[in-house]
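What follows is chain A paired twice: with chain B in the first complex and chain C in the second.
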Partner chain A sequence: MSMQDELKSAVRAALADCDCVIGWGPGPEVLRRSPLFARQEADADLFRADFQAVNNPALFLPEYKGRKVGVVVKGCDARSVGQLVNEGLIRREEVHVIGFPCDGVIDVGKVAARLEGLCEPGEVTSLREEAGAVVLTHPGGELKLEKNDVRADKCGRCRFPNALDADLFIGAPMEPSTGEDPYDDLKALESRPYEERMAFWEREMSRCIRCYACRNACPLCVCRDQCVAVSRDPHWLTQSDGVRDKLFFQIIHASHLAGRCTGCGECERACPVGIPVLLLKRALSRRVEDLFAYRAGIDEGRPPLLTFSLDEPAIKERHW
Partner chain B sequence: MSKTKFLSPGALPQWLSELAAKATVYAPRREGRAVVYRPHIEGEAPELALRPTESAKHVLFPRAEALFSFTKQGEAEKSGRRLEVQEPAEPGPAVIFGALSCDARGFLSFDPVYEGSGTDGEARDPYYLKRREKTALVVRACKRPLSTCFCHWVSGGPASGQGADVLATEIEGGFFLQAFTERGDALLDAPSLAEATAEQRAEADKAHCAADKAMGEIPDLGPAQESLLDLFDSAEFWRDRSAHCLSCGACTYLCPTCYCFNITDESSGLAGVRLRSWDNCMSPQFTLEASGHNPRPGKSARLRNRVGHKFSYYPKIHGGRFSCCGCGRCIKSCPSSVDIRKIVLDAIKEVGHV
Partner chain C sequence: MSVLAGKELRIVGFLCNWCSYGGADTAGVGRFTQPTDLRIVRVPCSGRINPLFIMKALVNGADGVLVSGCHPRDCHYAEGNYYARRRLEVLKGLLPVLGIDPRRFEYTWVSASEGQRWQHVVESFTGQIHALGPSRRLPAAPELEALLSRAM
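For the complex of A and B:
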């Protein structure tokens, strides 16, 4: 049985005691799948777990707290599930986790760059997978792209391509393609003087439309309807759309995610104008990992910034 | 109102300079992965190969604009304090250059609302209308649709001149320019442009036909208005349609026809501004009442409103016109791939109007 068929069977079986099963189904464009919520057996046939299975389905789990739901996860999505459990935002026993080996997901922006001069991504009419590659059909012919060249940046540094904690794992587990995260993206930015970095953020944030897709796509953003960005009483943030006002929100968002962000990258992917907001979260994740030896969604227990320990081993100042 | 001209690619910078001498020109620019409308910089070539990520509505309807600024003066005693109010500066002339047909048609949904339709002109919005009056639109005809495009479902077309002052069509060796308004005639009255020939007009017509032909079939959206009303209370229908919605504002803020706003007084010390800023019906605060009650408590009620407004409630009071220009940005840029076309068709099917 192929992995896709195994997946469909797993979804059908899970529906017996789950309210719904969340995964990926057909999307409005060839290159993009849509999150799919199966509630009846017939829906299972629409499920796919492949190169276009981009969205993080863990995002939806807190909405279903108190009911049992199934969820199909990539390795990175499973880390979000783990972190939601760690923080008590969902109950592990209420989630039926179906894992599969992930060899990376598409970055439509990278595909767009490769299609330049041929067409826009929305004009691609079909996609087929070949060993390690995808072949796209566009109005002018076919284009073969190596998956490694057009996969999301996060996939290039993924150490956990298989769900760390799954109730059912389909397919053969993948070997991780890399060891430690070198944080090359951050190092490149940090090698520049402060003025240039500020100019970089001001330039990037200048096209922010404040849709808050970054916030709403984040599985660990838990304030939901009570976000400071939109509260009116008290009116924490101005409605003025200056670049610094917009950056201010991103700093708040990143701070709230410090030590909680699993690096799924959905904030950045969701941004309709392509602002690299994941960088801010990665800067804080690296710091938390250095200081507290805690990796969100991998290490168990309460995130260090949600607790207080008199003897943080990595904080040396008290012994001076 | 029917001037035609020919623009050779080499003359584009000069024409832009001529336009920029008389007005602020907003043109598409690539920034990172996005294409956004920015004030034109002399010598910069506009991005005309890719379709803009955002609509151009912020030129007429800024994301945040001060309706007036105020300063409290005098002693803080009961009767001594006065409020000095300053009106904002008058907007200057502008040209939106290289917009798409759908972008131009988007403003046709704004107009009746901001003209105070249904209020005998009582609720005219001077802020929008002043900009509208002073802004010209140079529209480029599309050649091929994206899979998310559906302008032809909602009375538009890839080469529609509706709402445009000038329509630019790419033909062999340049652009055929056609004016539709007096304002358009004035834009074409430029030394950089050549007279167009009958052959060039014929070639443009041919391009328009080819573009129209490339669009798919048109479903009957006639029953949409009633179907969506019939399904207003169908919790299950809206739960299933909104399950994957993130309830963010990407669809609304990229939409050429969404016109809702919020008003806040933003003051610091004794001075401040009354700010009008974009708002969206996908946000919980949009309907949050002072009592704390929210008549649209979750994303299914919010998405129901967004779709219902565009395809039922708005057309009902605006002569049947959908408040949607079919640009498909809400689909293309939705992080969760919500497809408004599918929701409308599902509604029609569900109610049994097919």
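For the complex of A and C:
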């Protein structure tokens, strides 16, 4: 039985005691899958778990707290589930986790760049996977793209392609492609002087349209309608269109995710103008790991900013 | 001396009510001379300080931010400063990525009796900020800036 057939039968089986099963199904375009919510057995046939399983289905889990749901997860999605469980935002026993080996996911932006001059991304009529490559059919013929060229950046540094904690794992576990996260992206920014770094953010954030897609796509942004970005009391952000407010929202998002962000990269993927907003979160994740040896979604125990110890061995306080 | 004269910089201090604010008061009562760049915001506890207070100050043009609370084990609320210590230490990791010199932000502990220590902290932090010079301000709302420049 192929992995996709195994997935369908796993979904069907899960529907017996779950309100719904969340995964990926057909989207508005060939290149774009949509999250799929299966409530009856017939829906199970629409499920796919492959190179196009882009969205993070853990996003929807907090809404279902109190009901049993199934969820199909990649390695990164599973870390989001783990962090939500760790923070008590969902209950582990209410989630039926179905894992599969993830070979990375497609970055539609990179594909669109390769399609330049051939056709619009929406005109692609089919996509099939071959060993290490994807073949797109477009009105003018076929285009073969190496997966390595069109994979999302986050997948290149993924150390946990398989769900760490799954109730059911289908297929053979995937070998991680890398060992330690080298933080090359952060190091590149940090090799420049402070003024250039701020100029970098000023330039990047000037494109921001304040759509808050980054927030809405974040599985750990659980405040929803209570978000301080839209609150009038306290009034953290004005309605003006200056870079300062735009950047300050990213600071809010990053600081609210300090020690919680699992690095799933949904914020950056959802950004319609391609701002590298994940960088700020990665800076804080690295900081938290250095100080408290805690990796969100991987390590158990209380998140480090929700607790303390009397003597902090890793904190070197300034002596005046 | 006005801030606009350029000789004084904008430094925002967040001080806990029970120790550091008392320490600053002790320094004042003892007539210890201090630089006048620091503007103090009194908060109930260093644990009350949302790291966003600091970021808001820095992004909106403060040249430096100083946080001071009770010494560890001396918190009026027993454990507020332990949470603060973790948060502020994590925050220090965000500043360099944003292009803000991390030396523009410091935190420390000063008790209500340590007037002299308070003087020393203010002097050394103000000196540190003056060595860095004024910070680069991000443009706020363009239309507001225009209005402001006309008003001045």
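As a working rule, the second predicted complex is superposed on the first by the 311 of 320 C-alpha atoms of A that agree within 3 Å, B and C clash if a C-alpha of one lies under 4 Å from a C-alpha of the other, contacts with A are read in each partner's own complex, and residues count from 1 in each chain.
The rule is simple: a residue touches a chain if its C-beta (ideal position, glycine included) is under 8 Å from a C-beta of that chain, and two chains touch if they have at least 3 such contacts.
Note that the structure is a prediction, hence the values are computed from the model and not measured.
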Check your understanding: chain B versus chain C on the shared chain A, clash or fit?
Key -> fit
**Study point:** Touching partner for A:Met198 - first (chain B), second (chain C), both, neither
**Key:** second
Exercise for review: Using the touch definition from the top, say if A:Ser240 reaches chain B (first), chain C (second), both or neither.
Suggested key: both
Exercise for review: Check whether A:Leu189 is in contact with chain B, with chain C, with both or with neither, and answer first, second, both or neither.
Suggested key: second
Exercise for review: Return first, second, both or neither, reflecting whether A:Ala163 touches chain B, chain C, both chains, or no partner chain.
Suggested key: neither
Review point. Taking the superposition as given, does A:Val85 touch the first partner, chain B, the second, chain C, both, or neither?
Key: neither
Point to revise | Touching partner for A:Arg215 - first (chain B), second (chain C), both, neither | key: first
Check your understanding: Closest pair of CA atoms, one in chain B and one in chain C, after superposing: how far apart in Å?
Key -> 7
Review point. Both chain B and chain C contact which residues of chain A?
Key: 238, 240-241
Revision key, fill the gap. Within their complex, chain B touches chain A through residues 31-34, 36, 49-51, 53-54, 63-64, 144, 146-149, 240, 243-244, 246-250, 252-254, 262, 264, 266, 273, 275, 277-278, 280, 283-285, 288, 328, 331-333, 335-339, 341-342
Check your understanding: Across the complex, what residues on chain C touch chain A?
Key -> 51-52, 55-56, 59-60, 72-73, 79, 82-83, 85-87, 89-94, 96-101, 106, 108, 117, 120-121, 124, 136, 138-144
**Study point:** Of all residues in chain A, those that touch chain B in their complex
**Key:** 20, 27-30, 32-37, 39, 55, 59-60, 109, 112, 116-117, 119-120, 122-125, 139, 203-204, 207, 209-213, 215-217, 224-225, 230-232, 235, 238-241, 266, 269-270, 272-276
Check your understanding: Along chain A, where are the residues that touch chain C in the complex?
Key -> 186, 189-190, 194-202, 236, 238, 240-245, 247-248, 251-252, 254-255, 258-259, 279-280, 283-284, 286-288, 290-292, 304-305, 308-310, 312, 315, 317-318, 320
